[in-house]
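For reference, the structures are reproduced in the following blocks.
In the two complexes below, chain A is the common chain; its partner is chain B in one and chain C in the other.
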Partner chain A sequence: MCSRFAEPAARAGIVVLVVLALAACSRERRTFHDSPPAASVAAESAKAVRSDSGVSRDGPYGNNAWALSQGKQLFSAFNCVGCHSHGGGGMGPPLMDSAWIYGFEPANIYATIANGRPNGMPAFKSRITPQQTWELVAYVRSMSGQGSKAARTNRSDEMEVRPAEAQTKTEKPVLVTPPPTVTPPAQEGHP
Partner chain B sequence: MSALCACALSLNGCGLDVHRTPAGAEGQQPHIVLQTALPPGGTGAQIAAAATAPEDGQWIRPAKDFASSRFSGLNEITTSNVAQLKPAWTFPTGVLRGQEAAPIVVGHMMYVVTAYPNLLYAFDLSKPGASLKWMYNPKPATSSQGEACCDVVNRGASYADGKIIYATLDNNVVAVDAESGKEVWRTKVGDINKGETMTMAPLIVKDRVLVGNSGGEMGVRGWIKGLDLKTGAVKWTAMHTGPDSVVLIGPSFKPFYKKDQGTDLGVKTWPGTTWQIGGGGMWGWISYDPALDLIFYGSSNPGPWNPEQRPGDNKWTSTFFARRPETGEAIWAYQMNPHDLHDYDGVNESILLDIPWHGSKRGILVHPDRNGYMYALDRATGEVLYANPYVHITSSDSVSLKTGELALNPTKEPKMGKIVRDVCPAAPGGKDWQPSAFSPRTGLMYVPHQNLCMDEQPTAVSYISGTPYVGMDVRMKPGMGGNRGFVTAWNPVTGKPVWRISEPFPVWSGALATAGDVVFYGTMEGWFKAVDARTGAPLWKYKTTSGIIGQPVAFRGPDGKEYVAVMSGVGGWSGAIVAGGLDPRDSSAALGFVGAMRDLPRVTPKGGTLYVFSLR
Partner chain C sequence: MRPLTRAVTIAAAALACAGCSLHNAQNALDASGPQSARIAGLWWLMLPIAAVVWVIVIAVMLWGAGRKRSVREVMETRGGTEVVANDEARSRRMTRIVAAGAIVTAVILFLMLIADFRVGQALTMAPSTKVVPIKVVGHQFWWEVQYPDSVPNKTVITANEIHIPIGTPVVMELSSPDVIHSFWVPSLTGKKDLLPGYTRSLWFRADTAGVYRGQCAEFCGLEHAKMGVLVIAQKQQDFDAWRAAQLDSATTPSDSLAQHGKAVFLGTTCVMCHAISGTSAGATTGPNLTHLASRSTIAAGTLQNTDANLYAWISDPQRIKPGVLMPATKLDPRDMQALVAYLRHLK
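Let's turn to the complex of A and B:
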């Protein structure tokens, strides 16, 4: 399918087209059974990391349209949508904004999904495969405009409730502290 | 325009003398009189005699009395002097989530429960500035925050037998010694791993502490329990789904309508075993009639929201129950919303009134349901005397007084693959948890509520323990007229609105009525307002530091003066966009409420402050 780009044309044009074609091939690749790095990354637990733990900048599927659409389906199928809505949040924090409590690197998000987090995020590692987890990572990142714009979904199968991921502004992720539980006033002077 | 809208909304009160009073001071909202001739003696409605008590200046349970009147007999603050009301003292709780609790006043002490982590503060009102006497921290599990559908709120504590008793978000009912602040007992009654949380305020009747669970959005199985006041031991549990034996339906159970009669309907009205994850929690209000010895309350919505996954009536969700407080035995039930389509929980308050009805006195309860109808039910039998709209309704056409059935509008039935638009009222209903008040002096109910519609589309959803079980995309929007909130004065005898105040945001605070003929409520912008109980005319307002979604109360201080107290601190389902820092670009956020609340972050920050007001 990709070879159809190799038609007679100006040399420069061919080069451009080949580059585009390779990108498009990566965007369109469908991998049904993959073995992305899992165990070592999942072991990373509470600590937010800023390095990418050997995983590429956008994770294994950040530039793959098919994996992103799989991630979007999984996001509904595993009830992520019930807490995070379509990125705006609810019971859980928003995912389409710039704020990240437990780290924004793909490895951090993987660990959050796999192992859960203390303020209510459940652990999903016993329910989904590492490949599905990475697909979710890719989709979750796309909600705030991370990863390849060309690969992000441009429409929703359901009622429109937010701008499409491909149309969402690319946020600059920042690490924030978890919401303070409580700072009770001092009780000095009282029995 | 607003008058016209109110006319369309009232449906009933509109041939009457409808006019709009001139807008008051800058920022006042339109105030609409629908029916001018209120007899000086009131409407003839009175608080159910057995369920009320002489005014003692205290406020020992959120709803004030067993009738849930939220009426204070104190009359130092009146329509003529309320304009001089000023803050007497304030207290920042340090908790910045939605504050829905009512301050509780017992003797010279005041008690306040915060949102998660459910701190209990005790203030000595006899000391200057009402100094903090002690603070109790029940240390609920942090993970419980992820199981609460609609902000991590708590609706307050109740007092009895020297103990302050309340429920924590992680399903512990705790009794704390009112004097020392020491924990007397603690009983775990639910499991956050199954999606259960607790947000309701217990009602204590005789030696029973009555509590229920939240989690209709998490696939829980709903219940109400009666705990022993002395020890905290669970004495009975009534499930809201399942066979009659566990719903505590026995030979005394006499539902008024045929549609609610039969055996094991809590199983038969569900496909397969889905009743085991069918919702029907109990996170709202309970009233008690000592003369009949019955408690009254409603169960929550069925789960999931997607109705195609649970064909059948889904009993006993969205149902009003009368039970014996000692044993939990069911006496009657009336399902307002069989096979609920739009998250119309039945948990809203009921106010117990005695009214003149066709020439004789009738003991009723008045219940503003989420489905938009104000129900007057006979307390003894569950017969519907009237069910009249108090908001604009498109989801149904009427309630039959003959069969008790709700006539649904088939064009608003959610179906997968289809977007249903302009469903009114929206999922939070014509009114949500925010409790109404009643004044025996005017005979009117004061109903704080919202004016919202929604678009919705069901999606397939699977049950995963401890995760949301909803299956519905929702986007809410302001209802007819554009204002999202109302305070409606309701004549419980005629079943019609008398006057109505429009507010830009949902009125998510409770109401308070006093013998000074003043009605208090708060707004989500942070205004604490006083209006004339007879006319709704604005009398006074004070801007607090955050939106108000709490329950105002009145009490007599140790100095003999009348005080009015309320918590300020925006949040709850409606205020989740601020309390949870949600993203306004996603109108489905917070189960669709964000779609109608995008502008809230521009008018209020988070908060968590107790305000106490007095004259001088």
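Let's turn to the complex of A and C:
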């Protein structure tokens, strides 16, 4: 008598659980026409480690797989690879390591890309949109394992010199002081 | 009655299909040059042979399946199955028929192989006369086209629409920076793959002026199906005039709307991927837009080049070619209108 009751009850229980689990799923939002706020330049008081720009800890796109993949594509399309290679660095510093000269918070990186940095990082403000900048911020951070692991990209189209971002272990970011002198342009890293 | 109705329906459908006029279609049998004519010839040789062989094979099979065995053949019946008598003369006859069938098949295949080799040889043999060299680079989902010249600043760079003179062979140098693509313009030539890390060449000639559509023929990603190409074959003097016009830098528009559009273009993200000669835009990630308005289509043959389509394309390329490597750019409608006016000015 007991088992006659238990079976339908268990079955109903499983159905309810599955329904609840599915209800918890939410589809990721893909926004082709987003206008996230440009990071407030106030947050960029030089080496601010804490972001006070009102942007969430991983930036607006740190957990969005579509935006991260866009960032990865733009990183090549906008020729960031020309100076930073695919993260390993060249004429510009490596971006896949734990060391950051100008801060690792999303707002800091936003400011780096938008306004440029004195030792040779160009300003992209007038040439790329805030949405694209945030996508790049999310991607740059993912190179050292920041942001959601589930959202980071899982494959590289170029010859792989390192595991794809999803397999990168999360580095603990540290601030380093920039080299005191400007690197002479003659010193060329591998492209 | 039933089978008759069915037959009539099929016949009507076939007639209707035959009646379709495939305007601008990719048709390997509508040959417009010596290369495609040879390929079409091969088809017309092989089709009837294969058809006759097929009919014979099917007929023999049906006859064999349907015929009744003669009493002489059947020795006994065991449990309802007929057991065939062991007839020496008969089995020798059968061996001879099968052997003859094998030999005829081999001969037919060999003859077709020779015909195929001869066509292949004729297609690859480089022309000895004057040729027009063209570089074609297959990108994920569009074609970059360059007309090299011994004087470097006389190199023409365009995209997706390849102009060629009729009667003169063109030699294409094919390469790819990303994945394998394949160049195929059925009315003019057979396929040739574009391989990353290699440069391969393909030559062909068009004899009749016209616009021939082609298509990437090797799956290359999400928008492979929308990676079309147009070959515009024209008289030598028309080709020369086109080429000369393509050498000009873009002019500054005179009307204020288009002038504003130029500022919009140069002041936003377009310059990160596109080049317009005579301006500060010089990126090569996307198609060169210097003479965009002289092209009849945009986005690799996907849309007609009209104001409305340009507007739709720039405001959301992902809706037209989902997965394309151009991001949507959010601009206010006035700026968009100006931008489109500027792009339409780039004759």
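Heads up, the rule we're going with is that the second predicted complex is superposed on the first by the 142 of 191 C-alpha atoms of A that agree within 3 Å, B and C clash if a C-alpha of one lies under 4 Å from a C-alpha of the other, contacts with A are read in each partner's own complex, and residues count from 1 in each chain.
In this text, a contact is a pair of C-beta atoms (placed from the backbone, for glycine too) under 8 Å apart; a residue touches a chain by one contact, two chains touch by 3 or more.
What you are looking at is a predicted structure, and each value in this text was computed from that prediction instead of being measured.
> With the two complexes overlaid on their shared chain, look at chain A and say whether chain B and chain C clash or fit.
They clash: once the shared chain is superposed, the two partners overlap in space.
> Where does A:F78 make contact in the superposed view: on chain B (first), on chain C (second), on both, or on neither?
In the superposed model, A:F78 contacts both chain B and chain C.
> Counting residues of chain A touched by each partner, does chain B or chain C come out ahead?
Greater contact footprint in residues on chain A: B.
> Once the structures are superposed on A, label A:Q70 by its partner contacts, choosing first (chain B), second (chain C), both or neither.
In the superposition, A:Q70 touches chain C alone.
> For A:G120, select first, second, both or neither according to whether it touches chain B, chain C, the two together, or no partner.
first
> Report for A:T129: first if it touches chain B alone, second if chain C alone, otherwise both or neither.
second
> May I ask you to decide whether A:R162 touches chain B, chain C, both, or neither, giving the answer as first, second, both or neither?
The first partner, chain B, only.
> So which chain C segment collides with chain B once the two are superposed: 76-84, 94-102, 148-156 or 292-300?
Given the superposition on chain A, chain C and chain B clash at 148-156.
> Output the chain A positions appearing in both contact lists, the one against chain B and the one against chain C.
On chain A, the overlap between the chain B and chain C contacts is residues 77-79, 127.
> Applying the document's contact rule, which stretches of chain C touch chain A when the two form their complex?
178, 267-269, 271-273, 283, 285, 315-316, 318-319, 325, 327-330
> Report the residues of chain B in contact with chain A in the complex, numbered from low to high.
Chain B residues touching chain A: 91-96, 114, 117, 119, 131-135, 137, 142-150, 217, 419, 455-457, 459, 461-462, 464, 466-470, 473, 475, 576, 580-592, 594-595.
> Could you pull out which chain A residues touch chain C in their complex?
It is residues 32-35, 70, 73-74, 77-79, 126-129, 131-132, 157 of chain A that touch chain C.
> Can you tell me which positions in chain A touch chain B when the two form their complex?
Those residues of chain A that touch chain B are 76-79, 81-83, 85-94, 96-97, 99, 118-122, 127, 158-159, 161-163, 168, 179-185, 187, 189-191.
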